[in-house]
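We call the chains A, B, C, D, E, F, G and H, going by the order they appear; numbering starts again at 1 in every chain.
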Amino acid sequence: MGKPYVRLDKDDVAVLLVDHQTGLLSLVRDIDPDKFKNNVLALADIAKYFNLPTILTTSFETGPNGPLVPELKELFPDAPYIARPGQINAWDNEDFVKAVKATGKKQLLVAGVVTEVCVSFPVLSALAEDFDVFVVTDASGTFNEMTRNAAWSRMEQAGAQLMSWFGVAAELHRDWRNDVEGLGTLFSNHIPDYRNLINSHTLFTSGK
Amino acid sequence: MGKPYVRLDKDDVAVLLVDHQTGLLSLVRDIDPDKFKNNVLALADIAKYFNLPTILTTSFETGPNGPLVPELKELFPDAPYIARPGQINAWDNEDFVKAVKATGKKQLLVAGVVTEVCVSFPVLSALAEDFDVFVVTDASGTFNEMTRNAAWSRMEQAGAQLMSWFGVAAELHRDWRNDVEGLGTLFSNHIPDYRNLINSHTLFTSGK
Amino acid sequence: MGKPYVRLDKDDVAVLLVDHQTGLLSLVRDIDPDKFKNNVLALADIAKYFNLPTILTTSFETGPNGPLVPELKELFPDAPYIARPGQINAWDNEDFVKAVKATGKKQLLVAGVVTEVCVSFPVLSALAEDFDVFVVTDASGTFNEMTRNAAWSRMEQAGAQLMSWFGVAAELHRDWRNDVEGLGTLFSNHIPDYRNLINSHTLFTSGK
Amino acid sequence: MGKPYVRLDKDDVAVLLVDHQTGLLSLVRDIDPDKFKNNVLALADIAKYFNLPTILTTSFETGPNGPLVPELKELFPDAPYIARPGQINAWDNEDFVKAVKATGKKQLLVAGVVTEVCVSFPVLSALAEDFDVFVVTDASGTFNEMTRNAAWSRMEQAGAQLMSWFGVAAELHRDWRNDVEGLGTLFSNHIPDYRNLINSHTLFTSGK
Amino acid sequence: MGKPYVRLDKDDVAVLLVDHQTGLLSLVRDIDPDKFKNNVLALADIAKYFNLPTILTTSFETGPNGPLVPELKELFPDAPYIARPGQINAWDNEDFVKAVKATGKKQLLVAGVVTEVCVSFPVLSALAEDFDVFVVTDASGTFNEMTRNAAWSRMEQAGAQLMSWFGVAAELHRDWRNDVEGLGTLFSNHIPDYRNLINSHTLFTSGK
Amino acid sequence: MGKPYVRLDKDDVAVLLVDHQTGLLSLVRDIDPDKFKNNVLALADIAKYFNLPTILTTSFETGPNGPLVPELKELFPDAPYIARPGQINAWDNEDFVKAVKATGKKQLLVAGVVTEVCVSFPVLSALAEDFDVFVVTDASGTFNEMTRNAAWSRMEQAGAQLMSWFGVAAELHRDWRNDVEGLGTLFSNHIPDYRNLINSHTLFTSGK
Amino acid sequence: MGKPYVRLDKDDVAVLLVDHQTGLLSLVRDIDPDKFKNNVLALADIAKYFNLPTILTTSFETGPNGPLVPELKELFPDAPYIARPGQINAWDNEDFVKAVKATGKKQLLVAGVVTEVCVSFPVLSALAEDFDVFVVTDASGTFNEMTRNAAWSRMEQAGAQLMSWFGVAAELHRDWRNDVEGLGTLFSNHIPDYRNLINSHTLFTSGK
Amino acid sequence: MGKPYVRLDKDDVAVLLVDHQTGLLSLVRDIDPDKFKNNVLALADIAKYFNLPTILTTSFETGPNGPLVPELKELFPDAPYIARPGQINAWDNEDFVKAVKATGKKQLLVAGVVTEVCVSFPVLSALAEDFDVFVVTDASGTFNEMTRNAAWSRMEQAGAQLMSWFGVAAELHRDWRNDVEGLGTLFSNHIPDYRNLINSHTLFTSGK
């Protein structure tokens, strides 16, 4: 009855990080800032860990929106970086779409600020071109839960799949036998409860 | 799989403001009054800024529902103004439907009080006549989150798209190169965080 | 794209009140008890006001579930009253279904306690027999928001329309010219904010 | 219009309990720990009470994820127990799928930790193989409401039905005449309010 | 170390109901309107039940503040009724203070709208004149929890005791042997959960 | 400046459990029922574990308030059990006060339902007779957070110390060397997170 | 027992606005930005309306903290304006203290960002010099409710009185006969519910 | 009237970090784990930055409570580290008290897990020995807001001052002229909003 299961495939995924800029971040109030910072950096670490082609884009960095958060710049020094001259929907920018298509990937992971604009618009546009689109909901932020829920509804109705960064990582990895240490470290760095489990475990099993 | 992307087009949009009356507003408790007032006026400013045909309608202004909020009257002195003699669903009022159709627009932005009646009913009726309908969720208010969620579900299932006023403005504008100052001012007037960004930016870049 | 607008029609509606029993009510914790009592009685008053055929049913009144709340018994002394001998889904009880079908109505308003059982089960069964089913969400209660949301999702996916008692009243009434005083009194009795508006209005316009 | 009513049938149901491990449980923060423990054990008791084939699976018990909670081990000493060597999606493990298929059941009740991974992934996979899948939402837990809502959306869109353990029990039982005492005891053990009703009732009707 | 226990004594208590006016009530948003209406009427019923001298006062009834809620007028037709010509603090009105002192009572129960003004000001003034002052917190309302908490802090520091209407009733009654039926009815009318208990109890013990 | 530290001393403590009756429990809505049941039983287990003299009291067990919860009866078969004939404040009952004083203890741990009556009143009375009184806040319940906060304020101002059952246990135990297993088991039975820690720890350190 | 009632006296009050700067405002997350902006401007309007000596101070305007919000600068062009060269506690700045003392007022209204630093520190210092200090809580903001509550506790214990801007206005005005229109307009501009009441009232009583 | 202002003085402060252990941290549910981790490390960074003597203590590291979080161990390699053999109240451990007194400081900053035990007990004990005690509330965690509020009340009544880590840093620093870069970096590392302000500011003022 429902939609078929389109499953994330690390060989067919590109990541679009849209407008995580220092000014715009002050608008995000549906997630606590400590958690939001952590979520965005976790998604960035996932992109690095799985070697996913990643595209950065911003809107008016020299205006009040402010520069891209420096951590993202540093993590992806060689990523396509599209400073849009004015298009609000990144998908309206030819260079951006070209960069997306140049990856040759069919599955898009999208996150950004604010959810109902910088995320929703390219999500809806990409769906219209038959991409499989996955919204990384907790690495995307907006004014409040009400506007978030409206944005989620619109994207969901259009066929987007809503995920969390943790779900993304797990679906991409598929099997811990591919590598325990790398992903374990990523989780430890971004989930304090998990880090605590690891630290307890290490002590207890070290026989000390 | 999902619905195709029907995108707001400023040349094909009309705005319907339904029953924002001083009495009915006291029923709105799913949004804080300071924020709700701001959201409604922001939507009105958007209608003015993009020159969107706007239709006002009220129900029993001389009864307990009270008059239309004066700010809306003043902003749209020449807009069609349908004081309905009794129809609860504005779409049951011929003059209202005529006024909507007279705009020649296919896309309708609807906001009002209360969400599950004054918004939902004309939304469902307009969808039934194949309009593309966009609910401006945060410029619409009701008794509490429970009745709001039920109303959203009903409209969503019927094919309405849920948006926020900020999303509406951004989707209508499309490109900042069309005009920075006007929309920037609108955002500054209705988003305190954005106003702060602008004020900081102005100081910092003025070299003082 | 969406579902067609099935609109409540007072000549084609029956009301099903399922298991509003004094014991079961102590399980309801997704709505405050003062508000829930008010919502249930408001729906009952609507059924009376619009003369809607109403069917009462209970489960094990002499056991811990307790008796039907006395107010409902008193309001509908002649309504079909099915004390189910054991069926959890009221629709599994032949007498209940017979009573529903005997009304000759195609549209069903359903409310009850608890939402994911006493409401959901007959809702799903009635939808399967092609009734148009409307859940009166705020006159239905359950353990917490989580179980409520799950129940809403299941009913929504199956084709039920989610409403509030206020939306129901408004959609049934359609036009205030049918009667102002009766419905006005009903609203005044069940919406304190509306009662205040009326009382202020009466004083102010009486010229005193 | 909607999905047909697929109703739980105790002769056609299997229960999948995925990764309720002592370490992973510390990640669950969308439900209070007292309630979550109660919900999981209630679901387990349901599986026992209705004699439903039940399958246990875990991921890395000797690592930080920790062992399966002992209560589940004790309740289902003879259940298939698949300690997955690395697959994150239990459905990627052949033994697990074999165990599921060996039950010969078409309806699957799934619960686990965390919702967007250990529950969602096998749910989506099972739906893709045409099982009827029911998520026991309140016996599944995750980081917070945001990631939960995203996970629910994804499963719902794919055709899963969202339920609570109480709804599951009621839909499986169908008629209290099948047995009052057994299910009554189960409810009394897991719903304090219901236990109170029973205790009051017993006293009052004992004539003391 | 702490304050001595000043206990409500039904022979030494007067009730002050300050500015429960139909307009001002629309400002109350720290309590749900259904519950607030119930709380205020419960306190009024307590005053009647215990025959406590009660004083009503209002501010500008013919202005936007609106008239006293009619239920209070009807319950206390012979109570001193001070329509203050302008004083915001009721204690600044000589007639009001005279009326209070004319009761000869030392203990004052105060409730009103809004908490930080109409309640706090006379509370602080009465404390300054060595009355024992008890704030009926849940029959008093204000803009939001933040302003309420600030108001409570100020009154508490000045020596007021914070109570609920239920606590007031219980402390005044002292012993159920004084009368079961009257107070039981009052509780049944204002506490739905209690009404349910009574209704279940009645059925169960009637032997039917 | 502040109050001197009166520290719980297991040789000088008595426990007063006031009106934890099956009917009254349905009024408790400031704590989730699963958690509240757990908290009350945890406090009872503490009283047993430390061998604290414990006094049970109820109000009208054969009326709607219902019987004492059976678990408490069973845990304290020999405890003084005062079924009050009508006094609302347990301290107004001579037998109760006698029982308290017969313990010879100066420190009283009090918990009950509802907080602002059954707990507050004896707490205030006991303070007035110079007992050191400790409110076990989370084993006491009431209508909502507002009435709870008012009750806490009143008791706090009168000199009561507010604690949780976990704090009580820890302050009574003082040193884990007195006994690890007994208190560890108590914590494991009432704190799911702690039980998980123990289960993980046991596995990890068993070398398996 | 309690603190004596120190009542605001418009002839003895000065207002201290501390660090309402465009950058620091992005840290405020215990109040919604729409409401916070409104509260701060309401307090400013009160200072103007009652002609209260007002002192502005900022910290590092040219750094990330950003400039004072322009509205405050414009409202108080001639007010003492102390741009502190480094002191975090404004009271450590001699010019600031001099300006405060130059007003000759004994009562200080303090608001600022963030509550536990820019408000608390000068509040505690001023109390130490025997000023009567009133915190305008809702015109002060901070990171979250937890840090706010801690800050309130510290100030309250030191003798500060916690108020809201509405309480301040009412206590200063004392009697509506002093002026209805001015204060009514101020309330109408800053309390949407009150504005609605006025607009309804005007219509209804105009006889139209 | 109130308590005199005891102000933090960096030359007279010691920091006590009590039981921040990897197992116990899983009990903390009144603060989100991302934020709590950040708060604890911020406090640790403050201790380093101001060179405050810091004392670490733990309870049963090799048991389920788990080891001290490694970050704290690494930050304070030479700090007194008291692994308590059993005392629950750290102040009952002679070595701990000796270490505290050896610092020669009169002001104690205390944080730990859980608030009502590991923080409250030594706080109350230290107050009893006339230390000035400051609770760093947001670097302390516990089961839920209810047990936290009770713990805060008890400490507050005993004379403790409640603070946040940000307030602590600001009160210790006193004047930005002492050092901008160091403290600015600390804030940037622990307050994402502040980091954003700095990054925007740097870009804007660099003239690029």
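Rule of thumb we're sticking to: a residue touches a chain if its C-beta (ideal position, glycine included) is under 8 Å from a C-beta of that chain, and two chains touch if they have at least 3 such contacts.
Here the structure is a predicted model, which is why all the values come from computation and not from measurement.
Any chain bridging subunit C and subunit G, meaning touching each of them, is among B, E; the list is complete. The rotation relating subunit B to subunit F, fitted on Cα atoms, comes to 180°, given as a multiple of 5.
Annotation: the subunit B:subunit G pair of sequence copies touches via predominantly the same residues, more than half of the used numbers being shared. Centroids of subunit B and subunit C (each the mean of its C-alpha atoms) stand 30 Å apart. Between the Cα centres of subunit B and subunit H there is a gap of 48 Å. Multi-chain contact residues, meaning those touching two or more other chains, occur in subunit C at positions 3-4, 23, 26, 32-33, 66, 156, 191, 193, 196-197, 200-201, 204. Subunit B makes touch with subunit H in their complex at residues 197, 200-201, 204-205, 207. Residues 22-23, 25-26, 32-38, 61-62, 66-67, 69-70, 191-193, 195-197, 199-200, 203-204, 208 of subunit B are the ones touching subunit G in the complex. Against subunit B, the residues of subunit C that register as touching in their complex are 1-5, 7, 31, 135, 137-138, 152, 156, 161-164, 166-167, 170-171, 173-178, 191, 193-194, 196-198, 200-201. Residues 3-4, 23, 26-27, 59-60, 63-66, 85-89, 92, 114, 116-117, 120-121, 124-125, 127-128, 143, 146-147, 149-151, 153-154, 156-160 of subunit A touch subunit B in their complex.
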